[in-house]
Amino acid sequence: MTLSLLAQAGESASPGGAIGLLWLTIALPLAGFVVNGWLSVRRSRAKAVVSFVGPAVLFASFAVALAAFLQLQGMHAEAPIVQRLWSWLPVGNFRIDLALQYDQLSAVMLLVVTGVGSFIHLFSVGYMRSDEGYARYFAYLNLFVVFMLVLVLGSSYPVLFIGWEGVGLASYLLIGFWFNDKANADAGKKAFIVNRIGDFGFLIAMFLLWNAAGTLDFSGVTAWASANPGLAGSGLVTAIALFMFLGCAGKSAQIPLYTWLPDAMAGPTPVSALIHAATMVTAGVYLVVRSNVIFAMSPVASTVVAGVGALTALFAATIGLRQYDIKKVLAYSTVSQLGYMFVGVGTGAYVAGIFHLVTHAFFKALLFLGAGAVIHAMHAAYHATHSHADAQDMRNMGGLRKMLPVTWWMMLLATLAIAGIPPFAGFFSKDEILALAFARGAEQPVFYVFYGFGLLAALLTAIYMARLMAMTFLGTNRTGAEEQKHLHDSPPSMTIPLIVLGVLSVIGGAVNLPHLVGGHQWLDRWLEPVLKPAAETAFGRSLHGPEGSTEYLLVAIAVLVGIIGLVIGFRATLARPVPTPEAAPAERGFARVLLNKYWVDELYDRVVVRPFVWVSRALLWKATDKGLIDGALVNGSAWLSRSVLGKAGSLLQNGQIGFYVIVFLVGALWILRVMAG
Amino acid sequence: MATFIFYFFAVAAVIGAALCVVQRSAVASAMWLMSTMFSLAALFIFLHAELLGILQILVYVGAILVLFLFVVMLLNLDTVGRDVRGPAGIGSSVAIGGLLLVELIALWRYTPERIVTELARLPAGMTVTLPAKSAVEVAVAKQGVVGALAEPMFRTYLIPFEITSLLLLAALVGAVVLAKRRI
Amino acid sequence: MTAFLDSIGYGDWILHVLVLLPLVGLPLILLAPERLAKHLAMAVATVEFVLSLGLWWHFDPAAGMQYRSTLAWMPQWGINYSVGMDGTSLVMVLLTTLLGPITVLGSYRYITQRERAFYCLLLAMITAMIGCFIALDLFVFYIFFELMLIPMYFLIGIWGGARRLYAAIKFFVYTFLGSLLMLVAIVVLVWKVAAVTGKLSFAYGDVLSHISAAGDAAPWLFGAFALAFAIKVPIFPLHTWLPDAHTEAPTAGSVMLASVMLKIGTYGFIRFAVPFFPSVALSPSVSALIVVLAVIGIIYGALVAMVQPDFKRLVAYSSVSHLGFVMLGIWGLTLQSVQGALMVMIAHGLSTGALFLLIGMMYERRHSREIAAFGGIARSVPILSLLLTLVAFSSIGLPGLNGFIGEFLVLLGSFGRYPWATGIAATVVIFAAAYLLWAIQRIVFNKLDKPENEGLKDLSVRELVVLAPLIIGIIWMGLYPAPLLRRTESSARQFIEYAQPGRSSAINPVGVEVQP
Amino acid sequence: MNAIDLTTPLGIAKALVPELILAGSALVVLLVVAWRHRTPADARLAGWLSALGLVASGGGLAWLWMSGARADGLPQMIAVDNFRFAADALILISALATVLVSLHYLEREGMLAPEYYPLILLGTAGMLFLAGAMDLIVLFLGLEVMSVAVYVLAGYDRRNAFSAEAALKYFLIGAFASGFLLYGIALTYGATGQTNIPLIGAVLGVGAPSLLSRMGLGLLLIGLGFKVAAVPFHMWAPDVYDGSPTPITGYMATGVKVAAFIALTRLMVEAFPSLDQFWQPVIGVLAVVTMVVGNLVALAQKTLKRMLAYSSIAHAGYLLTALWPGTHLSASAVMLYLGAYTLTTLAAFILLGSLGRNGERAVRFDDIAGLARRRPWTAFALAICMLSLLGFPGTFGFIGKWYIIQAVVAARQYILPIVLVVTSVISAGYYLPVIMAMYMRDPGEEAEWHGLRLARPAAWVTGIAVAALLVFGVLPRRAIDV
Amino acid sequence: MPQASFIGPSLALSAILFSIGVAGVLLRRNAIIVFMCVEIMLNAVNLAFIALAQLHGVGGQVMVFFVMTVAAAEAAVGLAIILAIFRHRQSVDLQNTNLLKG
């Protein structure tokens, strides 16, 4: 009870103004969803309406978000601003309101989601125009934004969970958007189910939290944690944190639950850009930062987070080296980058995590949209020539630089950014994570290992990105003589977003420019109120960024690694001509392992999926249900009484008076025996 | 003397019954049954039921047994082959009959005194002395052999007596219906 | 609203009317010509629903048992027709009356032969069910409890599928066994109480207030009650009648069976079994047994559902899984878990009802319930597919839809008491997604490869009208369950109070409600 | 309230009004048929006359009952109390129903010998005596009158070998059993010097349970156990029920059972209450065995008639359960259940008789498939009967079962009720298939009952019986208060 | 009352005869003989009655009188039935009377 009082105290009411209109940011996409959904159900051909409504609602809510952001900036609010819409689950002392929480963290997320989202919507107008499910597509996309915003604005874990699962639903629908192809439908299903495994962890975390803290409001939980510093390092907190991280691992595709993300590329490319690169998959990182105090109170859990992150970063990067599908490469790159973010938050460098989240949103979205543009062009080409070659296989591309100049330039920027070349956005965020991981190594040596992983991953990142760029845009074109004529850059509705995101990937680093280069860590100070609870824990206090020479050294190493990687990548790829898929020689050795992604999917299928199905069908259904319970017990008893006992009695009734008399007398003798006493 | 008479007829009755059961021919069985009836009649008389003794002979021997014999003859059943059941049958019947006997023979120990004692639940050790003459003798002495039976028959036992008329009527009708050749 | 209702003495007659009205409909239908039967039934059911709707506002959430009234029946044996209603009854009665018109309207096309009989039985069943939920006399409850069997038995047996005879008798005998043992238990209990109070009374209140009289017979009596209700619920391993009954029954039957009849089992636990014998029900061994069985049911149901080739069977097994949550919640014995259990009861009623209706509609179009018979129908019947997917997700327990509310509360509330059991039960969020999404994919998505699925007609207006209330309910309950929770709260507290005196009020201060 | 002095002939006459009327009408009918026994019309005449007689005797009974007659002082020979009156009413109803049904049945089966009706009347008179017996002698004689008449009736269809065999089996085992009964009477008489039931009770109440009395009790139980067809003395019942003409089967299953059970109840409650520690275990075991065997074997039957035969055995088991406590509550439970059972079984057998043509032994479950389509009312009635036999709420049968459970539970006995309900569940396994066949299966191509009608009198009886089942099922107060 | 002392022996005798009768019923297949055995049983009971009447008065004897009537009636009906059976299958062997069974 007292705790929930604290929770009330820890919030300040909504000040009105743009922030007061915050609910609009959700309502607008919702309206878009309704309109588009209705249009799609009516099977109407009104594409113009869709093309307008779809993006428009996003830009509108982006505007609201921007206004709210500016207002917040002017306020220096220490406590989160909570808008209670209505009481959702009032059950005795467990009371969850449908409420929006607006603070510095959600503000950042809100901007990223609506901002990047808007441009991706815009891009989609061009990309999906010719698709028959155009309206349906935008309905889903708007729906996704609705849930994503609920996720970032929710003021308590259950409300966040609505968004958390909602985005899963949207991604399920969008991955399986072209459901005619079983593979796509499978991918969607896989994504949802794997996510559910994570959600299970999330649920358990909530239950533990509720039983411990008696509240599930963010502010309430924070208050509870700060109120009992004694809990730090306790098994309870560790358990909560780890279960919560299981949820994050599912959402953000970390080992061991990453396998759904590459498959998710089955969806339309803008979807991959928005959901599976920029926003949804980063929800896990957001959750950790949101619960920073919990993780900060459990160094063990934090270490696990960082460890898993580092491992994933490296692991995914290696796979990325040997993929030929352009989207698959980017998918694994996303997994790897998410790993970075977790290294960051695991280290306790929550800002760095968010920082990388933001920059990553920019350049990864850009990369995907670029890839989208490429695929779009390839499709058009193949469509024109009725060829059925794979439009996503980089071995069919090459030399596109001339045909798609804009795309080339923009993607190049993104590549430099992700490779961590200064002064591009990616450099700063990635460097900050690595540096702080290194610093953490001071009292937890294992972090040196993580740092090493990170560095290695960075190298690989640079290599596979260079490989991607080279195979796609450089060298000679392998699309085919006839097709080449049809390859050309996309319409402005698609190039504009590219350019915007390109600019952002260049200057995105400004958000948290380190003192080193004369910046003043704006994001650090901005998020300071949100992260104070964590910073006050021993874990938080023990983290100091590297100073002086070390700092310079680390930066130098990072930059060097990036450059080396790029060089290796370009040279190795351009060294000899790339064979077309048909002509490609069978991979050998480790390359083959990488090409087949370590056979992890196959492993899961054999070890988890099939056994479950087998047990359910053979053991539980056929044997237990049909055989034992129904067959043996239920029908068995019926059979016993009718066909055995009943029949036996019937046979004894043999029509012989003599026998009847005998039975009679047996009874008589027994009765007399009883009477004789 | 009395003892001898009793046991003589008793043994006769038993033998008669036993032979009636085991005789292969129906007529022979009937004959032995008749002998049993006679010895029982004798016992009745011995036990101060003179009238019933007579009736026993009249009704049973004179009517019922004749009826049996009549049917036996009519259906000419005397010639049917051995109808005694097989060894299993014999075994079971002897066993069951024996057991039944074991249950019932316990009544052997009953003396009038014991009955009275149990009746009135007299404290143990207290002995009852029965009147010199049995209840029946008293009645007979008062109203004569027939009167002793007739008096209660038409007073106390009026209703049963009437019922017997219904019984006979029913039996009559039934027998006719079933037995007459064509309806 | 309330003022108006009071002005017409609503509270005094409503319960009796609810029970009698459908019966009044029977002669009308029997006398009317065959073709009018369904419309008459529809009229009756609708009136019934409209009348019952008043309860929503008129019912006083703060008060406990209300609308009590008693009519003498066999007073010399302490048997009277006495009824009353608390939050739990309220929501269940409303669910029943809501489903009345829906099932009738839903059967317009489905039922083509012997319509009179069909609708009569349907109405009779509604009466029996409502009676069950409001009976406050053990004898009366038992009568209604049994009377439910006959209509359902005929519904399955006459209008059912291929193996209907088997399903019908299995359903009947299963339930009959349990209920007869319960009858013995009731009589024994009443006589034991009478031995103390000196007056024979089957009244719920009288028995409850002298329940200590049960003495050391309590375990046996509880066993009899529990068995009867466990079969109805059904709790693993007593569930095997359910798949057959569900699968063979006509749509209306399946809907009523799943949405209401199963709940009478759990309702029985809440109303009778546990409050009567708390010491037994909550003894470590018994609660361990129940909880374990509930968890087994939850997981087992989900896993078996996953591999069903027949969509109706799949839903049937999913019911086993969901009802397991209710049992877990009841035994969780915190306000959250009990409220959650009630929510699951309602949510399952809505979603599963909608699912069965949709299956029925698919069956009317394709004359098959095999999942394999469909595929890619999202192209041919988008609206149907959309609704099917939506309902499926509500059944999966997607937050924001009704399914989540109950399950979440149950797990949350039971976690403190049975962390391990609850933890295991929580894994069902994975399996539920697995079996339903798999089915949905094979039906709605994938390639539209069967020619006979191309020409299907999408939902007609009538069918939309049938589904609309359920769909609205699903979303509304998912986003704003507070009104429901407010109405059931007092009865939930009452239950906990009975189950372990002094506990509910101690740790559960009433939360004040924040309205939008 | 008028007291009847049973020592004066007038008093006796008063007390015996129903029996006398019955006997009288039997004689009248006999006279009539003596002259007219040629054509179906004659048979019908006899039938209506006997029906009249039964009604008249029912009137006499009503008069006795309404005038609240009771014995003045110790009841001699014959009881004068509501227990007897209620029993008599049931017996008369069953007889009347039998007569009315037979009207059509005899013609259909070509059994035109009109002595049939006097026999029924005489047998009924015997039942009345048996049910009203306050003296072992009356008990024995009444039982014999009844039996002799029923032996004949069982074999009445003379062209039918089954009927003859039924008669033989019934007769031989019956005579054998009455030997035991008689022996029991003898020993009881020896132990107490009395044949008057209440006096026996009084005497035994004083004395310790002597060997003589116990043996007597045992033998009496055996003798009556045969009449009520309690396992293991039941073996004759299925065959005899099966072989006899259906109306007679109904008559046996109801009238005979009622009379015998009433006598048994009287004996246990009024003559041997002091020996209950001896007879209760016996009755208990008999009840359990009877319920189990009856229900299990009924499951395995193919024809309706035999199924009903076994089910009537099972119901004897329920009745024994009701008798077990030997309290007055249990006596009224026996009476109530007898009422429910009689009504139901009568209706069931009448319907069965209407279904089968020349030989309803042949009516199998398959033969009534789809009956509901062609003959909705017959099907409905039969369905109600089945539910009532099953003891389903809403029917009289349920009230009866509930009352039994009540009576037994009141005596702190819990095993019997459990066995009772479990076996009832088993019985669902053969009652429900009847309903299923009628309602849920499609008519077989050879529907031999097709076009056959239920004769009007039979229809009345059935209608009334079924209506009564439902009415008492919903408003049992009347029935219970009786 | 000298004869009264024969109550015990008489009861024993009646028991013996009764058992013999029962055994006979089991032993024979000829319907008529079986019926005779039943008659033996009845006679045995009569003996018991008469013996006991010694003590309890004429009631017992009256009973015997009725029993005889019953025996006569039963004999009539029984033999009629046997006749009927014989008409159907030219034999009174009980082994063959098993049309009804199951």
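By written order: A, B, C, D and E. Residues from 1 in each chain.
The criterion applied here is as follows: contacts are C-beta pairs under 8 Å (C-beta built on N, C-alpha and C of every residue); 3 or more make two chains touch, one makes a residue touch a chain.
Because the structure is a prediction, the values reported are computed rather than measured.
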Most distant chain from subunit B by Cα centroid: A
By mean Cα position, the chain sitting nearest the middle: C
Pair with more cross-chain C-beta pairs in contact, given C-D and A-E: C-D
Distance between chain centroids, defined by C-alpha means - subunit A, subunit C (Å): 38
Interchain centroid distance [CA atoms averaged], subunit B/subunit C, Å: 72
Rounded Å distance, subunit C centre to subunit E centre (Cα mean): 66
Whole-Å separation of chain centres (CA-atom averages), subunit A against subunit B: 103
Residues within subunit B bordering two or more other chains: 85, 89, 92, 96, 100, 103-104, 106-107, 110, 115, 156-157, 160, 164, 167, 170-171, 174-178
Where subunit D touches two or more other chains at once, by residue number: 137, 141, 144, 148, 151-152, 155, 158, 167-169, 172, 176, 187, 190, 193, 211, 215, 238-239, 301, 429
Residues of subunit A touching at least two other chains: 638, 650, 653, 655, 657-658, 661-662, 665-666, 668, 672, 676
All touching chain pairs, where touch follows the definition stated at the start: A-B, A-C, A-D, A-E, B-D, B-E, C-D, D-E
Footprint of subunit C on subunit D - complex, ascending: 387, 392-394, 402, 405-406, 409-410, 414, 417-418, 421-422, 424-425, 428-429, 432-433, 436, 439-441, 476-477, 480-481
In the complex, subunit E residues that touch subunit A: 22, 25-26, 29, 34, 94-95, 97-102
For the subunit D and subunit E complex, residues of the former touching the latter: 137, 140-141, 144, 148, 151-152, 155, 158, 161-162, 164-169, 171-172, 175-176, 178-179, 182-183, 185-187, 189-190, 193, 195, 238-240, 242-243, 301, 306
Subunit D residues within the subunit B interface of the complex: 9, 12, 16, 23, 26, 30, 76-78, 112-113, 115-116, 118-119, 122-123, 125-126, 129, 135, 137-138, 141-142, 144-145, 148-149, 151-152, 155-156, 158, 167, 187, 190-193, 203, 206-208, 210-212, 215
Sites on subunit A touched by subunit B in the complex: 658, 662, 665-666, 668-669, 672-673, 676
